[in-house]
Amino acid sequence: MQRILAVVAMLFAFGFALPAWAEGGGEVAASAVAAVADGGTANAVVAAPVPDKGDTTWLIVSTLLVVMMAAPGLGLFYGGMVRAKNMLSVLMQTLVVFCMLGILWAIYGYSLAFTEGNAFIGGFDKLFLQGVTADSLAGTFSKGVVVPEFIYIAFQLTFAAITPALIVGAFAERIKFSAVLVFMVLWFTFSYLPMAHMVWFWAGPDAYTSAEAAEAAGATAGFLFQKGALDFAGGTVVHINAGVAALVAAIVVGKRIGYGRETMAPHNLPMTMVGASLLWVGWFGFNVGSNMEATGVATLAFINTLLATCAATFAWTLIEWARKGKPSMLGAISGAIAGLVVITPACGFVGPMGSLIMGGLVGVVCYWGVNGLKHALGVDDSLDVFGVHGIGGILGALLTGVFAAPSLGGTGVWDYVTDTVAEYDMVSQVIAQAWGVGTAVVWSAVVSFIALKLVDLTIGLRVSEEEEREGLDVSSHGETAYHA
Amino acid sequence: MKFVSAIIKPFKLDEVRMALAAVGVQGLTVTDVKGFGRQKGHTELYRGAEYVVDFLPKTKLDVAIDDDRLDDVIAAIEKSAATGKIGDGKIFVFDLAEVVRIRTGESGTQAL
Amino acid sequence: MQRILAVVAMLFAFGFALPAWAEGGGEVAASAVAAVADGGTANAVVAAPVPDKGDTTWLIVSTLLVVMMAAPGLGLFYGGMVRAKNMLSVLMQTLVVFCMLGILWAIYGYSLAFTEGNAFIGGFDKLFLQGVTADSLAGTFSKGVVVPEFIYIAFQLTFAAITPALIVGAFAERIKFSAVLVFMVLWFTFSYLPMAHMVWFWAGPDAYTSAEAAEAAGATAGFLFQKGALDFAGGTVVHINAGVAALVAAIVVGKRIGYGRETMAPHNLPMTMVGASLLWVGWFGFNVGSNMEATGVATLAFINTLLATCAATFAWTLIEWARKGKPSMLGAISGAIAGLVVITPACGFVGPMGSLIMGGLVGVVCYWGVNGLKHALGVDDSLDVFGVHGIGGILGALLTGVFAAPSLGGTGVWDYVTDTVAEYDMVSQVIAQAWGVGTAVVWSAVVSFIALKLVDLTIGLRVSEEEEREGLDVSSHGETAYHA
Amino acid sequence: MQRILAVVAMLFAFGFALPAWAEGGGEVAASAVAAVADGGTANAVVAAPVPDKGDTTWLIVSTLLVVMMAAPGLGLFYGGMVRAKNMLSVLMQTLVVFCMLGILWAIYGYSLAFTEGNAFIGGFDKLFLQGVTADSLAGTFSKGVVVPEFIYIAFQLTFAAITPALIVGAFAERIKFSAVLVFMVLWFTFSYLPMAHMVWFWAGPDAYTSAEAAEAAGATAGFLFQKGALDFAGGTVVHINAGVAALVAAIVVGKRIGYGRETMAPHNLPMTMVGASLLWVGWFGFNVGSNMEATGVATLAFINTLLATCAATFAWTLIEWARKGKPSMLGAISGAIAGLVVITPACGFVGPMGSLIMGGLVGVVCYWGVNGLKHALGVDDSLDVFGVHGIGGILGALLTGVFAAPSLGGTGVWDYVTDTVAEYDMVSQVIAQAWGVGTAVVWSAVVSFIALKLVDLTIGLRVSEEEEREGLDVSSHGETAYHA
Amino acid sequence: MKFVSAIIKPFKLDEVRMALAAVGVQGLTVTDVKGFGRQKGHTELYRGAEYVVDFLPKTKLDVAIDDDRLDDVIAAIEKSAATGKIGDGKIFVFDLAEVVRIRTGESGTQAL
Amino acid sequence: MKFVSAIIKPFKLDEVRMALAAVGVQGLTVTDVKGFGRQKGHTELYRGAEYVVDFLPKTKLDVAIDDDRLDDVIAAIEKSAATGKIGDGKIFVFDLAEVVRIRTGESGTQAL
């Protein structure tokens, strides 16, 4: 234990020290959000943009909804699926990972993801959130529309902190708590932050005043942003990223003792249902909040998030009914989550009928993901993180390229220079999407593998067999979930 | 004295208890158990994982009685617990060496 | 099973085909919401109304709150009250019904309920939500105030999808899953949609420019709207409608095996409490969202929803304490739900003291509804849907006519022609309310009865005795709620 | 029982009668909120301020979030920690206390707390909310910015009703239900209402037009407001107030039978976790809603509420890991609550790094509060209300004085006369904070002690030994939480 | 050898266990059971439905012992489990034909 | 007839059941119990409160058998339930006076 604490402390120290050291040499880049405000002042002596209180309210609500996804949503969703003796360990892992990474986000995460750097990672300008005050503003996707920067930071914090927590489902019931923490710090730093920067970092709409300005601005954007990959709310950054990490983790950590021989039925499916439902509710914050404004497009993202989930739930129910003879509740809610995953990158780009179709498809595809594919892979991804988030995320990323087409009821892509919808080329858009998928798969797999091996070689990944038998609640946390 | 231990279908508990009361049994102890036998179980499916559940919920009923009540008690249970379908359960009879009522310290037949 | 799937598929096909066929002959009516926007343009060259972001945010939040009522709220509330062996079946029924009807709402429900048709049902103009985009607007209750149509559709979707789900409580623990689905499609189509149209459809406030215009506009409104029945958030459409269907369903489906002889105590009251609480929280979206704007009236609706619930909870607690010697937690939360039901039609019309009184009354009346009345009826309405929603809904509809009176602290009724509060005639208002009650009772009863009989004759309503004994979780869904 | 009901009825009658009687002699003071509106009219013929819909939406959401804290949040958090046989009693106590006090708030609480009276208590001008309509406005902390008064009343209702409910944790598992109710009415009336008035009542920002006006206005403010004590969202009024009452109550009521000998392990920690999580989510309404506007400062309060909680959770985890060898989930969520408590008074005043530090400190201090201090006190404060809320509240109140300093990243204190940030004197601010702490400790302790003794002498505080053994669910409420 | 099976009030478990330890018992097995007897139950009320609960939670304690310890064991249980109120429970004594310790295969008295 | 009651580690249940099936046992009844013995428990900590948990989850397995199967059954359990670590459990053997199959009323060996 002593040793583990030392490692954790060291990693933290590292977190604090690295940036301080780096600061000296770090280039002083105007941050994306600053650019917005600056843009306003530069062009003319116009009034500085003021946040709309409706937008601010919506972002506040969105952010607290994502907090609710992390705790209790994800904890319950996962916790209900493990055996009773490991319930608390799952709740603990998801909660503490979220909190720890929330701290790191404020210390260096936000700066590395959302300030200008190179195409793969940002800079050190906002370490410790320095310079940000209650009056600081962040840009949105509309010219001249801003929101308070603190809520933007908080909103993005919840994404950055919940994404790694998703991976917990892959190695639940057998991993050391200390290993979880150390792995998460590494993965967050080397996989989440770069991916977020690659996909989402750009100079903001106000920089796109002319074709030349757009080109200049474009060159500062993240790698995948430049490729033109669309990801409204995190299909690539969150779901593929975490899903692939989960698959790698399940392989490296190995199967649970008794896997395939002993019964490992979910200990409390109603809890899983509560968790899934709260994930759904919270996902409205996740998806719609990603619009950053309470506009008509926000309401499009909303209804898509609603309809895709309905369709996927119903589709999974029907396919399971047809193939296994009985439709299960766990199936229905697995469908719901799959629907939420698939619509995440698409929700602001496709039309409601597109979302119904995407939901229907993902219900069937992820059903296969946790049945056929899982058995083919032969991996103990305990709670099917890859089968649902990985597969659903990949499907969603690709289909976004299809159903975003105005001809299929989508919104197309906005051209900030002409301030109109651009011509839509489905093939090239799907290729752009495939770039996103490919990059996420490879990057996350490599980082995950190295990080896990490092942890395994230093503090070890798994608890002892006896501890696993006894259950992690007692052996790792000294408590029991239920008493009479 | 005898100790009768019967495995029955859970929803029959109230009926059996009343049948026993009718033959003068005043006390009994009940345990939730799971039974495995000729009655077949069912299959449960959790995403990709399929589990065959052979153990079915049963109720165990323990009654300590006087020797001369044994036949009545067995008959009462047999009748009230039967549905005629497989899995109705079993009655086990043991010899009981001694009984003590904790509250009073009485022992033997008086303690029943 | 094969057969059941075929039926479900057929019903869906019907859902898709009917409108397509009908479209040809369907009259091209200007929809209510279009009317609003048009009105603006027609009268003068004024700026088109723009949604306020505060309103949009509030409607987004309201809608996700109602989603939370459906899942996990209602599922837990009901699920906790059944026996453990039927827990998942209840969660499954409420969830899948919600999702299935959500899909149907987008396909034909919204169009039939909220476009112009006749006094009883709308038209086919917006099948598949055709023509609706992120820029489409829907009117509110204030002239010139609009919201994005997508969020209006989504908000109303949640109402349409949760109302039928309420009925599940009546035949829980014994009904076939396939029968639930088919019945719900029928009831939704033939009872919910017409009732919603009758009560809520109107041309919007902007049509009421003069007495003549008002008369013309009025003639296009729904039957009960024309009668002047007040229903702020769905007392008639939701609660009486579902409550009566529940009573009929409980009668037609018949009692549970062992009813009255075996113990059928709630298996997990804390879950029921969580469900009830989330219903309460979500109900703020339901009731206050029905105002469609974040105005002072919205805050009136809010505080009424809060106070009526407090009063009803406290009243049920006291009456049960006085009559049975002990106040139960299930009683307290039953009171809370009753309070929410009673204030639903009234919340934007009565004053806070009115809501306290209404809450106090409904606590006592519904206490009688689930005790005296229930025993008198001798029906196994398993989770007291009629006793709470039916009785509470009727009481609420009638009392709305009383306490809406300005003399009793109510707001009265707004006259959109003069833009002032109209003269208030309590007697005629209560009569109007009674029209609403009577129509809902008869309509819902007839539709429910026919629909249930149809289902009974085709696929059958109940599972076999053995399946009922085993519990629906295992027999219908192949899973068990709890494991060690 | 009869007798108890009589007592409750009498207390209610008292609640109704007292104000009616007092009204005659009560001075007719302009209420704080009226002052705001008046101020506007008086100074010039300016347009009356109109609420921003974004603000209104945020306050609506905030209020429903605090409702969610009460039910199910607090109930689950506490309920999971008691033994199964007392689960429902805890849910019942928290719920019914909340509802009862909600009623009393509308009847006389709001008037006594938030109308002008003397420095310790308000007046009777708004008994039964008389005079308040959907058009009434309440001031905020910005000049000329108003919100609908109903939502302000509702928001404050939730504070007033949940604070006493916190105390339930101190005497859980052994107290009479009737004793809870009567005690709560007394404590609410004589401790909560005065404290709220002392800390929060002021004439509103619009009164601060000049130094003289400010002085005049200041003289009408509450005692601690005049002292300059900062309490953004209720550290003093809510947490210290309730925490101290809990300590006194635990002493007066006495230990549970078997305390220290028998196992009293929490019966369902996942429920406690769900409760804690919902408290966290709801707390964003509590803290950020206290800003009353969706401004940049609101987002500061938000991110502080997020970061302090993350830090405290992580800190408790680390200290417990280091000292006991295993980090427990109950510890982690206890840390989360402690973090929320500590940041409550500070959230709008300190910077994000300040909140990280405050969170880290409180994690360690409250860990000591429920371990070292608790054992030293030798009191059976069943669910550690004092150790978490009391200790955390005191720490938070004091540290607010430290980290509000602009030199430490805080916002300082606003000077409404000059409309700038005032000079910050840390020492005098900490002294002001200490005044708040001291007043709350003494006032609450005295009121609690007298109220408990009164209850003990009249209806008695504790159930019989046999009832306590059997569990309060069956003995007091006639029901059982769980069945198969 | 004897097998003593005692039904006691749940909150007495720790006391009884310590009393048994005092007379040299080193192992025992405990089961949650529900008892029906002279001790009356209570009524539960769920909205309109009233249920009389006759089965009360009890704890069953099984101890296998050497014959010569029987009296001590009975006395220990009797004393530590008694509250003097109805429902204190019963002690049942059976003859035990054989015992085996699974880990070692030892049998008879050694296996206790 | 004999009645064998074995206390085993819960995760061994499936193995033991299969071992018993292999020696011809067709029915058995299982109960969740808590055991106290040489195997040490663990400590749980809830904020300031520390509880030593001596009772460990065990599974009790009851099998009624013909006398001549006794040795096989004991051997099967012994082998399949053993891990070699403390706490593997015990096998208790009782004489069984009578058995009745409720469904058919058969008794004695036929009822097993």
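Letters are used for the chains, namely A, B, C, D, E and F, taken in the order the chains are written, and counting of residues starts over at 1 for each.
FYI, a contact is a pair of C-beta atoms (placed from the backbone, for glycine too) under 8 Å apart; a residue touches a chain by one contact, two chains touch by 3 or more.
None of the values given here were measured: they were computed from a predicted structure.
Counting steps between touching chains, the shortest path from chain A to chain C takes 1. Any chain that touches chain B and also touches chain D is listed here: A, C, E, F. Without chain B, the other chains remain one piece by contact. Taking C-E and D-E together, the chain pair joined by more C-beta contacts is C-E. Distance from the chain D centre to the chain F centre is 54 Å, each centre being the mean of its Cα atoms.
Distance from the chain A centre to the chain F centre is 48 Å, each centre being the mean of its Cα atoms.
In terms of their C-alpha centroids, the spacing between chain C and chain F amounts to 54 Å. Shared contact sites, meaning residues of chain E that touch two or more other chains, fall at 31-32, 44-46, 94-95.
Of all residues in chain D, those that touch two or more other chains are 52-55, 57, 61, 263, 265-266, 268, 274, 324, 326, 328, 330, 478-480, 484. Touching chain D in their complex are the following residues of chain F: 44-49, 51.
The touching residues of chain F, counted against chain B in their complex, run 3, 17, 26-31, 64, 94-103, 105, 111. Residues of chain D that touch chain C in their complex: 1, 5, 8, 51-57, 59-61, 63-64, 67-68, 71-72, 75-76, 79, 87-89, 91-92, 95-96, 98-100, 102-103, 106, 128-129, 132-136, 148-151, 153-154, 157, 177, 268, 271, 274, 473, 476-484.
Residues of chain B that touch chain C in their complex: 11, 14, 42-46, 53. Across the complex, chain B is touched by residues 81, 263-266, 324, 326, 328, 330-331, 334, 370-371, 374-375, 384, 387 of chain A.
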